[in-house]
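Listed after this line are the structures, all set down as structure tokens.
One chain, chain A, appears in both complexes that follow, with chain B as partner in the first and chain C in the second.
== the complex of A and B ==
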């Protein structure tokens, strides 16, 4: 634990360094290399594990008002089975007759079994430097239980096929004040914004980059951010209105992007600048 | 015939084309649009109606950015006619102000305050001034633009139009329509023209 804390402090120092970088972006190689070097060191003992531990504690020990636990939660592989579940979502869940991505399913279970109020979760869906909500920690733990596994999101059930195809359409849908779609930045090879390389998310070998490292420990601030947050922020930068948290649109988009990345190996919760 | 009518006719033509596509593809598109309209909400200056396509967006969306040539020609003409040129005929602002606008990547997002002038996000996609090495590659390099094109009144007018409505020159261009959408003011566009064309601008140095 002491070791963990020292790593966390190192992260805080790095966060300050990153903030300094952000104000005066240097040439590509310097910032990227420094960050990559630090990430390699840090990922051996990732601060995300602190949130995984908190999530595990909630999953294993929290009880709902009627004594229910997350052991009753089916993430797609049977009640209480967490190992490998994250890389097999989004998927169709018969009990709700819809496709859910991992975060949506985790929240569903925490509301159903642990008595969390959906309205409260929607009030604070994402982390900030003051608070990381419980469901984010649980998602982080669930994700960690698929570490080093191959992504295998199913595309068998008609609703899974539908979600994939709708997500594909959303990916290409340009609208808004800047006429941007996801594909404007992520639909061609070898492009970049400023010095940031842009993965072509239509290609399987690059689609993994939208998946890898999430949930991610944000060094500037020291909290966890999920894929749902990432999609929200993409649409902000796309100059779209704001997507409703855990909405069908985001699930569909995640289904398309995850299925495209199928077969690639997920390395577990990561670190983001 | 006004631009709106022309756009509607073109939209109808595109619909007829897309009828040739597989039935299920059309269904997914319609389902996607309906879903976006349901799920996306107004936040700050980013109003919910932004998820509704306008004519140009719809044509490009429906044809994977490759509409039939005659539709492209007509819609580009519509866009060209819609450009509002400055009444005083002045196109050249201050390149130093232009550089600031080119650097500024803010504007039009729900996190941006209402009424505050946004930037052009130019360096996000283009190489421009020689001193800025952090530039994107989605757009072409604009370094030496004025040197290559010359700082003539015709070029100034052309650049104004291109910044005001890039779709008038390349219908499904990735570049925003900065004047058309109100993302930049006429004065800001003048400063950007100076950045690109003014012989004193570092863009045209050496």
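== the complex of A and C ==
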């Protein structure tokens, strides 16, 4: 009897230990640490800076057909205010009665003030080894203006709450040939793909990893990619149909992921393998 | 004209640490595009670095160097306030010169 009781007690203690362990974020593997060291070295001289410089030039000097400049563009903190705007998007913009993420807002402003054609931007929304679309450089510069700031995406306006909820739903929505959802890979602790640890994007301290490093300079090929591109690529990897560029669903997904990462510090445009 | 470089120059002890990021496609001439045509070679061939009016590096570069390359070096005898002038020429004859001042 005494024996059985102690067995039972041992089992209880073990269960408690497991529960405590499960609440801890997973320990970093040696491989992840090596990757982080590698990234740190590269971040010192990130070619993303070259794109920031181009974006800054466009923001400050480009003029639209009627002489308008990006100084009239409101990124949520007032016309022309760029400092800290990136980490406070996606947010609701009253002028369009819509929630927009940073890239969507920048494109909106470039079309409105600088006379860019939305159809042209949609034709070539992402960079390749020959072309870097202007809006990619501008987004990179805008992101750089929120370097070392805390992420603080708002969730107050009913449309912001709606976007967050839709994003949360999309995150868990299983579909496609492989019956995949974002959560299949990013909804639990300790998952990995090949040697790469996958963050659990439902945890604030890990959700930052989906945000950090974007826009990012990809060394393979040597070009600048944005978060919108990353979302497209996630959809491709899930064998989902390709999302429409700057669609509501991607904004919703970004809203969910950004709000989850609120309070974490954004380090600015990053560098990727 | 080619896009500008980013130059960082700072005193570290008794030498200046200079780092430069160059904007260049650095095409090797060995790649083919989607249509199967060779992408013509386009790469930086010569780099010079002057610090305080004195030439400290005169170098050659070729196709083994990456796109948008970064170069870093230390220069002894330089001091804060010295002007750094970096210049490159590529195989098409395009060139670019940028300047920076060494900070303390």
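The working rule: the second predicted complex is superposed on the first by the 235 of 273 C-alpha atoms of A that agree within 3 Å, B and C clash if a C-alpha of one lies under 4 Å from a C-alpha of the other, contacts with A are read in each partner's own complex, and residues count from 1 in each chain.
Keep in mind that, in the parts below, contacts are C-beta pairs under 8 Å (C-beta built on N, C-alpha and C of every residue); 3 or more make two chains touch, one makes a residue touch a chain.
In this text, all values refer to a predicted model and were calculated from it rather than measured experimentally.
In the superposition on chain A, A:184 makes contact with chain B only, while chain C stays out of contact range.
Shared-chain residue A:243: touches chain B; no touch with chain C. Looking at the superposition, the partner that touches the larger set of chain A residues, chain B or chain C, turns out to be B.
Within the superposed three-chain model, A:166 lies in touch with chain B and out of touch with chain C [touch as defined at top].
Legend: residue contacts after superposition of the two complexes on their common chain; A:261 is shown touching neither chain B nor chain C.
Contacts of A:175 after superposition on the shared chain: chain B is touched, whereas chain C is not.
By the document's definition of touching, of the two partners only chain C reaches A:45; chain B does not. Of the two partner chains, chain C is the only one that A:54 touches; chain B does not reach it. The part of chain C that touches chain A in the complex is made up of residues 3-4, 6, 19, 21, 23, 25, 66-68, 70, 72. Those residues of chain B lying in contact with chain A across their complex are 24-25, 28-29, 31-33, 35-36, 38-43, 46-48, 50-53, 56-57, 60-61, 64, 108-111, 123-125, 133-138, 167, 174, 176-177, 181-183.
If you check the complex, the residues on chain A that touch chain C are 44-45, 47, 49-50, 53-54, 129, 217, 219, 221-222.
Those residues of chain A that touch chain B in the shared complex are 25, 27-28, 162, 165-170, 172-181, 184-185, 188, 190-196, 198, 235-237, 239-244, 247-250, 252.
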